[in-house]
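Here is the structure we will look at, set down as structure tokens.
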Amino acid sequence: MTGSIPLQYFLVISTLMFFTGIYGFLTRKNLITMLMSIELILNAVNINFVAFNRYLYPQNLQGHFFTLIIIAIAAAEAAVAIAIIINIYRNFRSIDVDNVDEMKF
Amino acid sequence: MNSEVMFYLLAGMILVFSVLTVTSRKILRAAVYLLFVLISTAAIYFMLEYTFLAAVQLTVYAGGIVVLIIFSVLLTSHISEKAIMADRRQSLMSALAVVAGALLTLFTILRFTFTPSAEPAHTSTVTDVGNALISYDRNGFALPFEVISILLLAALIGAIIVARKEKDGIVLMKNKNLSK
Amino acid sequence: MNILSLFILIPLLTIIAILFTGNMKQTRVVSAIGMGIQLLMSALLIYLYLTERNAGNTAAMLFYYDAVWFPTLNIHYTIGVDGISVAMIGLTSIVVFAGIFASWMVDYLYREFFISLILLASGVFGFFISLDLFTMFLFYELAVIPMYLLIGLWGSGPKEYSAMKLTLMLMAGSALLFVAILGIYFYSAPSGSQLTFNLLEIAKNKIPIEMQRFLFPFTFIGFGVLGALFPFHTWSPDGHASAPTAVSMLHAGVLMKLGGYGVFRVAIYLMPEAAHEQAWIFLIMTGVSVVYGAFGAVVQKDLKYINAYSSVSHCGLVLFAILMMNQTAMNGAVIQMISHGLMTALFFALIGMIYGRTHTRLINEMGGLMKVLPFLGVVYVIAGLASLGLPGLSGFVAEMTIFVGSFQHTDTFHRVLTIVACSSIVITAVYILRVVGTLLFGPIKNDHFLHLKDAMWFERLSTLTLLIAIAAIGMAPLWLSNMINFSLGPIVEKINGVATVAGLF
Amino acid sequence: MSIYDFMTMRHELILVCLVLLVLIIDLNLKKSQKHRIIPIAISLFFIHTVIGFLPAQTGELFGGMYKTTGLTILMKNILNVGVLIILFQSTTWLKKEENGEKISEFYILLLSTLVGMNFMISSGDFLMLYLGLELATIPMAALAAYTHHQSRSAEAGIKLILSSALSSGILLFGLSLIYGSTGSIYFDTVGALYSNAPMQVLAFIFFFTGMAFKISLVPFHLWTADVYEGSPVNVTSYFSVISKGASAFILIMVMYTVFHSIAYLWKDIVYLVAVLTMTIGNLFALRQKNMKRFLAFSSIAQAGFILLGIIGGNKIGMTATVYFVLVYIFSNLGAFGVISAISAKTGKESMDDYDGLYATNPKLTLLMMLSVFSLAGIPPVAGFFGKFFLFTSAASGGYYWLVFIAVLNATISLYYYLLVVKAMFINKNDTPIAFFKSDIMTRIGLFVCALGIFVIGFWSQVYEFIDKLTFAIIN
Amino acid sequence: MVDYTYTLLIPLIPFVFFILIGLSGHKMKPIVSGLIGTAGLGIAAILSYITAIRYFWTDHLAESGYKSIKAFEITWLHLTDKLTINIGALIDPISVMMLIVITTVSLMVHIYSLGYMKGERGYHRFFAFLSLFSFSMLGLVLATNIFQMYIFWELVGVSSFLLIGFYYEKPSAVAASKKAFIVTRFADLGFLIGILILSFNTGTFDFQLLTSPTGPAITMPGGAAFMGMSVLTWSMIFIFMGGAGKSAMFPLHIWLPDAMEGPTPVSALIHAATMVVAGVYLVARLFPVYALGAPDALTVVAWVGGISSLFAAIIACTQTDIKRVLAYSTMSQIGYMMLALGVSGYGGENGLGFMASNFHLFTHAMFKALLFLGAGAIIHAVHSNDMKDMGGLRKYLPITHATFLIACITIAGIPPLAGFWSKDEIMVAAWHHNKILFSIEYLVAGLTAFYMFRLYFSIFWGKATHYHHTPHEAPYVMTIPLMVLAFGAVFAGFLPFHALVTSDGMPFESHLDYSIAIPSVLIALLGIGLATAMYRKSNGLPDKLAGIWGISYKWAYHKFYMDEVYLFVTKKIIFGYISVPVAWFDRHIVDGFMNLIARTVQNTSNLIKNFQSGRLQQYGYVFVTGALALVLIFVYLWN
């Protein structure tokens, strides 16, 4: 099953996915799409953990559980983030990140 | 042999769809692309024989979070609305930073020689996962399991009080600009 | 309870007492009593000190008391006095006593005024009695902060600007000092033994020379900023001009002496080799500040600016003499600190009283006040003569000891600089007489000065205490110079003893 | 794992019970008496704090995942005291009518973040560290957006949640690489195996950015000002005091125990970041007009000073840092107490509104002056001792030039702290904030701060007690 | 040995009376304070006479030569281990002679001012200052060491400042007192520098040590240390500079004419008899060091004396204000004394110049005080200082006229009177030493006679100008001192000075040298004749002569524009080019620099303001680039 694919490939995928997520975070103008890019970032990290666990240290399940916890936390985070986004929608009538800059300098 | 093909296929799907999520004009379409990315990562877990994890990924991520996102998209903007794109300067600068970062990290990571541990592999069946979840000793994860419950409770309550709509609208309007 | 700790306790008790006072009169009386007791205490201290010395006690520090405060960092609350600090305590108590009476008429937030004034004084007293670098630094910074409130709240003219400038520059100075104290602390004991902040222990062993070269400028400039060293003196004219009378009295009279005393006690005593090596740079700076201050004062129009610049010149002379590092010059420096302290305090008191009456401090607007305010006029003339060094008043004693002392230096560079410093007595005469001439003598310029009232009883008391002190030191300086000389002996011998070994100068 | 072992987790357990208790009590409170929860919650928490101080059992649980030593218990107690004071100070604000229904939610969220911080401090491995970090941040976002009818509070919430998400993303990427290179997430094994290979340094720096985000060190501090200004005053004070204090404790613990092998490297990182943080923190604070934003930047500058303690890398360094955080908590809470009392009564938060405050309410002004002087590090208040020991520890590491920069920055900081004093005492104002008497609870909170500011300084036993528990880098 | 400790009382009594009158003077009636002052001076005068008689005659110290006796000494201030400042009394021929001069003249002035100052505001303040002045002058004279002399030197300067500025409402008086003090102060700076150099090299302040031939000063290894002259010579020149300032010698004389602003008794006491001769006394006190140790310094003294006397004599001939004429005549006579000291050798016969100078000092004090007091009586009567509005007063003021005439004859150097004897001795000494100086002195003798009699005739003779109210003779309290001083002026010449005051204490025989005496009397008579011709009857001759001399007359009248030069130096140079730039530099550059720092901090904070732009994505961008930058620096660039 995993014999032929070297670990490095997984790392390449996860790093590219990670940086795509960051690119999304920095450029997308809509708050929810920023949330999506964060999910991408967390997913990249999960791949990393799982790959390491499987390839390097199969004797324990630390990477596996780390990913599990990350998924749970991502869920919690998404919930609170979306609650706040809805709240912003009520206050600002739009969820464009650029008009959320009343406080500056 | 076919697992290699499967891996390349999945890797391609992940990369393509994540780039599409980040660059597509329509928000709803971006959400769908995100769904595809999550499903392909779950597939990768299957490949790596972490079946329990793949299942959790599918249900929580694909099922829960993406659905939540789609709901919030619908709540906050009608379907056909086109997301306004960042101005050229900002996207150019971020692209530059991201690419440089990616190259730097990749270059550093790939130069590191990973040393797999010598101990015998441990099967990762659901029973092992269960045992690890409730065991207290060295590699047991009972404590995180308990603490995550508090986190979810707190997140739940937080989300409710933030998103709750005041029953009587007046209170909302009156204090709106109190601190302006 | 050691007598020295009383010097901090009495001001604090007075502050607490002030908190309970009702109206303005009670506050004034309470603080006057408090500072009166402080004055008696300092007189008692001098008496006890002298009897102790006559009884043959030759310990470096008398009334020594040591209590551990932070064991891990070996910070102690150590207090002790020698001849020099006793003299300085005497000066401070006189000036504070006079300051209280000079601010008898303060009515805006009077309770807070007297509290900050006495807090400032307790900071200065603490500084003079402490021997532990940490407690010294603590009291040094304690004395700076009430200064902001005093100038900011009760000052006049651009008071916020000058209050802020003064506090920031003094804090920048204490910043330099902070680094130096840490440096000294970490090189205070030979490797292995317990690091210490105690001055006497640090003096016992030698701080490595390259560290000294790094730390000495920091300490000297750190204290020099307060002692009106040449380029860092600009806070003094503005600060004094906007400060209320009592504050500028206390500040110029006492706080600037903290700088000189600190340079002497910390910079030179602990780092003699670097002192000898780098003395020439600072000698030029102080030499310049002596002449520079005098010339600056000649063209000033505002009374307080004139006095501020003259303080720059006199304090420059103090630092100049300390840098000569021989016994007589240092003795002269200490006497100059005391005499200048008394004189500037007297000047600022008088300026405050005149300003209180004529509501202007520009000398060309005033004239012929001698006829209208005879008491203040006569006292002003005497203060002026004391400041330009009339024999029989303290200025002469101090300046002559400094000039003769610094002229004994074996190296011609120092002697030439002494002559430059001597020339300051002529310029001092020029600006003092210019002020006395335009302010007091000559016809009365603006006629509604005609019905000004002369000095009230508290003003007379405030000026007379200072005047008697100036005349006492002027007439019979022997007891003071012997007291200082006795403690200077071992210190100068340590400073010069080391230098000859290191083969410098 | 006998019951007895559980007692070592006493702090966290009691706190969780507290959270659940508040939830249950809130269920059966009628809508009109929702405010009755306030005294109950405060007294419960007071009991918790007192129990916290009782002599505790130290040891390891869950195979090294949960570790408590004397020092971690001390840190938890310090945080408990801080939270207690905040609870006291927040009563007036909570009683206002627009928070009518959600008072108990405020307590639940607050205490759950405290649970998170406790777990973070006593974590033995990166998983618990990350979990505690998230548990400390997510409910905070909800708290930041607590007054949801104010647009600024929502803006603060979103900025916090998204920035913290990004930072934890980068932190996780670092953790994954650490796991990949050492094979374990437990601190002891990671510490033993860690070397200065490029990837491991990269991993450490990503980890450091995550932690730096929490303490708001310079390149990662931009969220701080907006979140502090947006969220309600008591939440802001919680941010600046408790979450920053906790993360400072964790940073120094982790750096000393886990990354001791690359200490020579991270000291230079800390040197660069410290200089940047102090200078930029001060430069921004100069111009602020809003009090919360002003204290935000001042707390950034103070974070720069905390780094000086860490850079020492020796026992004095750790003691100085813990002592400084304690003093920082009291002085900041003093200042925030005054701001919260005033903004709860009058809603005014700009420095110009504070002009001439001394004329009307002198006691508040005196406390504000004391806390501002303590932040500036002026004797006789505790701030002077805090700063002095911090700089002594940096000097003991031989960083004289850093100390010089720090002390110069302290002087610049004195400038803007004096601006506050100037506003309150010297500036004339024909409509100053009228005299008001805040309720008994808030006055207790303010009084405790004032007492703390004086006592911690002069009473040297505090410093000695901390010094007994701390340790240097194990190498 | 003979006990002289009581001499300590001589300076002490005036000091005690100064304190007494100064503190409680305004309470008692003016005349009471006057009488107390005069009584004080009376006791001091009697004591000094007793000392003089005992020292010179009864204790017959003459055989073994007059030794200097240290009557009393206490250490006032402990400087280095070798150098201590002591206060005490030193009895020695010149100091006893000076005691006599000071106390007598001061007593006369006190009695005179009882009348002159009657009705003035601040009457008690005047007498307080007079006692202060007498105290400091007596202290200066009795000084046992050079530092004590410097102390009382400064006190004399201050009391002259206070007395000149007595009428403090008059701006001119204030300016004059300020000018006097600053010029003397400048000279004192030279004196101080001289003391410092001398004490550094010899290690002592004490006169007895300094002046003893085997002492450290004289036997100091000479050698051209600096610009061709030995260190000792330089210190002596600096010390002389101090003396020249006080005695208004040539470069530092500008304050003396303006000092006439003070009340006339003050001018009589200070600017005729006592203070101005302090410089001569100083050189006399250190004479052995000058003569044996630093002869070049002595030539400097001689030439400065000569130039000053000639310069002053020329100006005196052109002045119209009678007090200014007398002031310049004082300056010229002191020039005489300095020259006499300059030309004198040391020991026995060749110490003639030293004896002559002191002799002239003694006689000059008498008749110059008389002239000033007389002028005071005249001004008191006519209420104007200017010669032009006087004339024919001999009818109205008989006693003043008689005493004034005696004084003029004495100063002109006509034989029987004292002036001739002392001036002749100086001429003899000058003749033996240096011919050019002798010729200068010879010319000056003639000029002196001319301007004195010009003054006499234009006041008492000339046309009878009408006075709005007839001038009346001064009251007795003013005329008695005139008569006493006149007596002194006449008989002082017969005192055997060569037996009393000599350079090394050993008396020597001196006889009248006719070959010098006769020509000097002739030149004096020539001067008097010229003056009578021009001024006895008011005629056009003086104006015609002024026309002939033209520019040089105008220059002399304007005191060779020296005042303007000094004004230029002090006002323009010191004020304009040094203090104003210094003050400007301080206010703008040094202060500006501090404000600059504050402004730069403010500007940088504005500059980086938009870092905090409020946009979340920009925060994220900074966050990520910050992290990557740290990675780049510390992974790859760090060593």
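Each chain gets a letter, A, B, C, D and E, in the order it is written, and its residues are counted from 1.
One rule holds for everything that comes next: a contact is a pair of C-beta atoms (placed from the backbone, for glycine too) under 8 Å apart; a residue touches a chain by one contact, two chains touch by 3 or more.
Note that the coordinates shown come from a computational prediction; the quantities given were computed from them, not determined experimentally.
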{"item": "Neighbouring chains shared between subunit A and subunit B, ordered by label", "value": "D, E"}
{"item": "Of A-E and A-D, pair with higher C-beta contact tally", "value": "A-D"}
{"item": "Innermost chain, where centres are averages of C-alpha coordinates", "value": "C"}
{"item": "Most distant chain from subunit E by Cα centroid", "value": "B"}
{"item": "Subunit C-subunit D separation of Cα centroids, rounded to whole Å", "value": "43"}
{"item": "Interchain centroid distance [CA atoms averaged], subunit A/subunit C, Å", "value": "66"}
{"item": "Where subunit B and subunit C are represented by their mean Cα positions, the distance between them in whole Å", "value": "69"}
{"item": "Where subunit C and subunit E are represented by their mean Cα positions, the distance between them in whole Å", "value": "37"}
{"item": "For subunit B, residues that touch 2 or more chains besides their own", "value": "86, 90, 94, 97-98, 101, 105, 108-109, 114, 117, 139, 141, 144, 148, 151, 155, 158-160, 162-163, 176"}
{"item": "Subunit E: positions in contact with at least two other chains", "value": "609, 612, 614, 616-617, 620-621, 624-625, 631, 635"}
{"item": "Shared interface positions of subunit C, touching two or more other chains", "value": "168"}
{"item": "Interchain contacts, given as pairs of chains that touch", "value": "A-B, A-D, A-E, B-D, B-E, C-D, C-E, D-E"}
{"item": "Touching residues (chain side subunit C, partner subunit D) in the complex", "value": "69-73, 75, 134, 137-139, 141-142, 144-145, 148-149, 152-153, 159-160, 164, 167-168, 171-172, 175-176, 178-179, 182-183, 185-186, 214"}
{"item": "Residue ranges of subunit A touching subunit D (in the complex, touch as defined)", "value": "18, 21-22, 25, 31, 34-35, 38, 41-42, 44-45, 48-49, 52, 56-57, 62-63, 65-66, 69-70, 73, 76-77, 80-81, 83-85, 87-88, 90-92, 100-105"}
{"item": "Interfacial residue positions of subunit A with respect to subunit E in the complex", "value": "22, 25-27, 34, 97-98, 100-105"}
{"item": "Residues of subunit B that touch subunit D when the two form their complex", "value": "105, 108-109, 111-112, 114, 117, 136-144, 147-148, 150-151, 153-155, 157-164, 166, 171-172, 175-176, 178-179"}
{"item": "Residue ranges of subunit E touching subunit D (in the complex, touch as defined)", "value": "601-602, 604-606, 608-609, 611-612, 614, 616, 618-620, 622-627, 629-631, 633-636, 638"}
